[in-house]
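Going in written order, the chains are labelled A, B and C, and every chain counts its residues from 1.
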Amino acid sequence: MNNIERLLAIEGIKTTKARYFRCLDTKDLAGYASVFAPDAVMDMRGESRDGEGLVSGAGNIASFVLGSVSGLSTVHHGHMPEIEFSSDTSASVIWAMEDKLWKVDDAAAVVPFSTLHGYGHYHETYVRIEDQWLIRTITLMRLRVDIS
Amino acid sequence: MNNIERLLAIEGIKTTKARYFRCLDTKDLAGYASVFAPDAVMDMRGESRDGEGLVSGAGNIASFVLGSVSGLSTVHHGHMPEIEFSSDTSASVIWAMEDKLWKVDDAAAVVPFSTLHGYGHYHETYVRIEDQWLIRTITLMRLRVDIS
Amino acid sequence: MNNIERLLAIEGIKTTKARYFRCLDTKDLAGYASVFAPDAVMDMRGESRDGEGLVSGAGNIASFVLGSVSGLSTVHHGHMPEIEFSSDTSASVIWAMEDKLWKVDDAAAVVPFSTLHGYGHYHETYVRIEDQWLIRTITLMRLRVDIS
């Protein structure tokens, strides 16, 4: 990539992640699925009590995540990416993050808390497919989680 | 716009919104007014109890908003824009946001709460006037508001 | 700087500050020191009870700050920079910020609170040394601090 292509790629990655957050919190399943590569892999095993949370495929990831927040009101915010390109079509990105979850529907929710407030860093890779930068792998390293 | 002009426009929009937040929380009336187009329209009717909150003109918007936070300590943060250009001089932008308000002066404050902690997305349009990207329309869609 | 160089410089500054935050909260002393110019000056006297907090030199700053958060779990987030270049190799930047500190080890912690939740703006200058934008001066202007 030349410098302009690199700057455009940076904006492309930021826009994809912005959509990730908005579609997650507005519970937009199709929009959320659209930010992942078809063969994306999410590893959220560190988040679960039962060792589950390794999911493959954009559609499966979207169903898993939106299912996990069923019955919950959620806010996820991302900050301050560190982006490194490993080729013209691939990049590694770390994002600071904060999330808040509130149980609003006891019947639909499957979580063992009333509220959760967490902090950490997403560690991700992105792949460019045609003109879009999509999430290829994603995991979360926590700084802290408070639940009540 | 070519690619470089587009990238500069993206930075221009981000800088305008950064000033919006800083001037709001530092209660800088002139600075806050300067981020709006002369014919800007703010629609915060969703935020009010009485259906008010539709305001036109940069100066009127600044007076309305700074008046609304009179007697309050406030923190507003913005995150992760999604920017789409509709022409060389206009754009639509969605920002994630979080706001916190604390009543610090009972006499000056006009709000029915002690503290407010909210989350949502600004939906905005921007217009380029000379070399500045200014807010042309702004409204707020809430994810959640907690008051005490 | 031409426009492309300016855009690259903006991304360079953002990446440096992203590393500042991540290395602070993950307690990475060497990484944290690496974001400062050798002759950097930090003025955190406004944060201290005893008037201390003026520190010079990247290594001294890192030791001072990481020492200050010893025994604490911390989350620092930055938002929405306003960047102004004063030359091809220097810039002034304001960042919105929020920080949370929790005492987790009474023996190691030197702070007079159990938790701190603060908000404000970093006012910084950056200098380009070779191809890196490094923090040359940094101070913090608070909007609010709540402790318990």
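Definition applied: a contact is a pair of C-beta atoms (placed from the backbone, for glycine too) under 8 Å apart; a residue touches a chain by one contact, two chains touch by 3 or more.
Since this is a predicted model, take the numbers as computed values, not measurements.
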- Query: Are the two sides of the subunit A and subunit C contact the same residues or different ones, given that same means over half of the numbers occur on both copies?
  - Reply: different
- Once subunit A is fitted to subunit B on CA atoms, what angle does the rotation have, in steps of 5 degrees? 120
- Would you kindly tell me how far, in whole Å, the mean C-alpha position of subunit C lies from that of subunit A? 26
- Task: Return the residues of subunit A touching two or more other chains; collapse runs of consecutive numbers into ranges.
- Result: 4, 7, 79
- Query: Once bound in the complex, which stretches of subunit B touch subunit A?
  - Reply: 3-4, 7, 10, 79-83, 94, 96, 98, 119, 121, 143-144
- Task: In the complex, go through subunit C and note every residue touching subunit A.
- Result: 4, 7-8, 11, 14-15, 17-19, 21-22, 25-26, 73-75, 77-79, 100, 102
